[in-house]
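What follows is chain A paired twice: with chain B in the first complex and chain C in the second.
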Partner chain A sequence: MQCELDIFFLEAVLNGLLLAGLLALLALGLNLVFGVIDVVWICYAELVMVGMYGINYAYKTGAPFVVAALFGILLVAFAGLLLHQLVIRPVLESAPINQLLVTGGVLFVLQAAATLAFGIDFKTLGIRLGSLNIYDMSFAYSRIITFAVASAAMLVLWLFLSRSYIGIAIRAIAQDRQIMPLMGVDHRTIYLVTSAIGGGLAGLAAVLMVLQYDIYPQIGQQFGPLIFMICVLGGLGSMIGGFIAAFLISEFIAIGGSCFATEWGYAIAFLFFMIVIFIRPQGLFGGKA
Partner chain B sequence: MLELANVDAGYGGFQALFGISMSVKPGEAVAVIGANGAGKTTLLRIISGLLPMSSGAMTMNGVPLREIPPHKVIATGIAHVPEGRRLFPRLSVENNLKIGAYIPSARAKFSERLAFIYELFPRLKERRSQLAGTLSGGEQQMCAIGRALMSGPKLLLFDEPSMGLAPVIVAQVFELVRRIRSEGYTVLIVEQNVRQVLKFADRGYLLEAGRIKTSGTAAEMLASDDIREAYMGL
Partner chain C sequence: MMRLSRSALIGLAVLIALPFLIRFFFAGSERYYLHLLIQIFIWAFIYTGWSIMGRFGLTSLGHGAFTGIGAYGCVLLWNYVGLTPWFGIPIAIVAAVLVALLVGYPCFHLRITGHYFALLTLALTEFVRLCIVGLRDYTGGSLGTQPKRYGDGFSLYALQFETDRVISFYIALALWLAGLVVWMWVDRSMDRYALEAASQDEEAAASVGIDVTREKLKVTAISAAMCALGGAVYGQYQMYIGPDTIAGLGVSLNIVFAVIAGGLWVMLGPTVGAVFTQVLSEVLRVTIQSTAGLQSAFGSSVLALDTLIYGLLLVLFIIYMPKGILGTILERREKKSASARAAPANAV
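This part shows the complex of A and B:
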């Protein structure tokens, strides 16, 4: 064990911070949808996977990266709309377990479809961005860009939710669904807008992830559980909670991984998660259990 | 302005309102009184579209309300200050007011109406960036009224605005409603506080077990032995 307060420790802390940006973005989309519609998109990470394949497809057909990225975001935003309209809407009044089952079903359908369409081999865009080296520390540019873009996106979303009529209605509906007609708000419109934003955020995460990770049909399994853990830790539906939980979990992973081994980082993060949930079952910032 | 003809309504198999016919004319203040469970809240929920009626007809300035979806009712000029106020507790006071101006015709007049409401309730202006859930009961009632006014309504529905408030605050709330009235709004108010509400209303309806038992001018209602015995303990 080489855990000292040296420059490598600092490097781990900063890398944790960079990872947190991406995880916070992923948690935000899921929390937004849950807070408004009260349904958990179990297939959230698979939507990201769809976005990654979409971006890869567009990029390989010769589109510039920025165009491919926009295509990916719109593709997943549209997928979010379809998911709501075709799968969630018919079960909105059903028991929560049925809602989990249908979105869980979509998870398997998307994985199977990706396997059939693209095979099981790993795909990569082949974009190499290099690293930033300061003193003895090294930070991949892809991670730095990810952090910057994710932070900017969260800021834009926050402005939207606190300033615009639709944004305020999105927050209001999460607090009192029944009286929204009295405000002249059609909840169906708000659900659709929220689903498109939730999908768009997954699409943006896909853009950032293709810069760092290989694409394969099961990639959702690699980070999907981590996103749910973060959302539950922060309190399902709490956007602030998800944000803080993303930072906590990332630092546990990064520092634990640097002091011991990567697997230990995840184990420590999970242990922390279990302790918190044991003490506060509703999560750090959760109101409803 | 508002006309109801033979309206029935209920929850699932349970019928809560039976053949309600009533009207509210422009500029009037009309009170609906009745005991707990009489159907007063149900009546207001029917009018504002929160609950569909099972039979009957209802029009607002000639517009048949039964044919429009719930979220479009507000555009006909009906605003509902619901029972228990129902503010959005984790939105600021100002955002609660802003959501009241959600409909397109109201958005254009947002700043103008906000200024009017802050003038009417200076307390809300002081607290505009505070979360609505942290307001006192009386302030919450101001905010709920302000939110309803933001849509630019012609008819305001009040559901027991004095409920759950301390006696001194109750007097203030009635004063607020009186002021709204003097601003030229038409008012339909539901109350258990019979004496207070009949003091400023023009007319009243007495609702009993989902049926209109008596109606008349406020003076007639105040003088009625039935009402004095059953609701004012005289």
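This part shows the complex of A and C:
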């Protein structure tokens, strides 16, 4: 236990901030799908895993990283599209419990398929970017790039949702599912576009994650619950809320992890989440739930 | 009290005689078949416990926490305090119920339902699992732990019956029957009508004088207690508990899936779900292990094939058979008998 307000504490805080960028990006895609289609993709982190394997595969076959990254993003965007068309659409009218669980079934399928295709051993791209050293602190460049790209992606998405026609239609559907079809917005198209964007964001997260983490079939379990928590904590539909929630959660993880053991950082984050939801059920920045 | 139909009595007699039938017909692999049956009964009990609140629209992904508290509570009290499971299990159950009420009360009071409730209870499961892993000095961390063996592994005092599976079978059978009795008891109580009303429209239910929070807390407590008991018995039977086998999100999801596959709204639905999932995973495991072609194609990761098929079936089930196996069968039979009754009337 070494919890003093020294330079290492500051390092933990700043590393937490960098982690927040990635988590916020992860939560963003799920938040978008949840807000628009009103379905939780329990398998969201598994889509990211699929993207990571896709990038790894493309990179190992000799494609430059940028091409592999693009391939990964498109792959997961397509996976999101398929997920909606094949799995979500048939259950759109059924009970919410079934919608939640059907994607849970997909979670098992994706995890098992990845194990069958690539084995259980850890895979890595082998790209080393080094790290930035200031005073006694060290920050991996991969984390800094992640933070920058994630922030840029959030800005682009925000511009898209507030400026473009489809973006505005997406937000309108999220506000009122019944009225919008009467206004001439085809909700099926909107759902498909949203699923593809949600998948694309998962793909982008995958691009950033292959730079930092090893790839293995169960990696989704490490991130999945965190992403749901951030989504709900931030308040659905609130992108700023999502970012602040991601920041809070990752600080708990980073500081808790540096003071105690890693699990305790996570455990405190989950406890914090439950307490906040009891105080503000609609999330930190959500409107009326 | 309830009267049992003739088919129920015959079924019960067959179940009681089952160990002897197995000994007679499958003498060589008696322990294996008993093991399969015990697993089915214990999980069927846990699934029934979940369905007691699940059927009222309270989709909890937090029951992996309760099975975990039950199993770990009992084993840790035995290993470190020396307390017999006769006291350890009740204490663990009380702990699980307290946690359930502590999380349930704000949830129900604030009307947290649907996706939010599912995600919140998911956080509870993760929290408990992380605590178990974090307390690795006592719990063995992610490797799991074992209850200390007492004597030669057969003791009523320590509730350990490693050497005699027939006794474990009857314990599991009794547990399962008790679960069904609780299910029927809830099904016939006034609470059921109150809760069904609340699951349709909470505001309306509250406006006719139903204390929705209180009703929900009642079934939550019963449900958590059953899952904790099931978890504890599972630990005593297996003589091993691990954070992934008896606690955690995987367990929560398996519970929910099995119940959905079997049928959420009928009494024996969770049991059918348990039979289905356990038999399926056994059959897949055995088939996969005995198929040389698959082995050479996938190597050691071939074991994931059964998860793949399991997941695919679940997706198909939820899309095409949302009422579950038993629910669908019963519905078909009802329709058939309804049309059979209608047909003669038309003929005349």
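Here, the second predicted complex is superposed on the first by the 280 of 289 C-alpha atoms of A that agree within 3 Å, B and C clash if a C-alpha of one lies under 4 Å from a C-alpha of the other, contacts with A are read in each partner's own complex, and residues count from 1 in each chain.
Going forward, a contact is a pair of C-beta atoms (placed from the backbone, for glycine too) under 8 Å apart; a residue touches a chain by one contact, two chains touch by 3 or more.
A quick note: this is a predicted structure, and the numbers were derived from the prediction, not measured.
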{"item": "Touching partner for A:172 - first (chain B), second (chain C), both, neither", "value": "first"}
{"item": "Partner chain(s) touched by A:221 [first = chain B, second = chain C, both, neither]", "value": "second"}
{"item": "Winner by number of chain A residues touched, once chain B and chain C are compared", "value": "C"}
{"item": "Touched partner set for A:141, first chain B, second chain C, both or neither", "value": "neither"}
{"item": "Touched partner set for A:122, first chain B, second chain C, both or neither", "value": "neither"}
{"item": "First (chain B), second (chain C), both or neither touched by A:111", "value": "second"}
{"item": "Contact residues of chain A, present in both the chain B and the chain C interface", "value": "none"}
{"item": "Chain A residues within the chain B interface of the complex", "value": "162, 165, 168-169, 171-172, 175-176, 178-186"}
{"item": "Residue numbers on chain B that touch chain A, as the complex places them", "value": "48-50, 69-75, 79-80, 82, 86, 88-91, 95, 98-103, 106-107, 147, 151"}
{"item": "List of chain A residues in touch with chain C within their complex", "value": "34, 40, 87, 90-91, 94-98, 100-102, 104-113, 115-116, 119-120, 217, 221, 225, 228-229, 231-232, 260-261, 263-264, 266-267, 270-271, 273-274, 277-278, 281, 289"}
{"item": "Touching residues (chain side chain C, partner chain A) in the complex", "value": "54, 57, 59, 103, 106-107, 110-112, 114-116, 118-120, 122-124, 126-127, 130-131, 133-134, 249, 253, 256-257, 260, 298-302, 304-308, 310-315, 317-319, 322"}
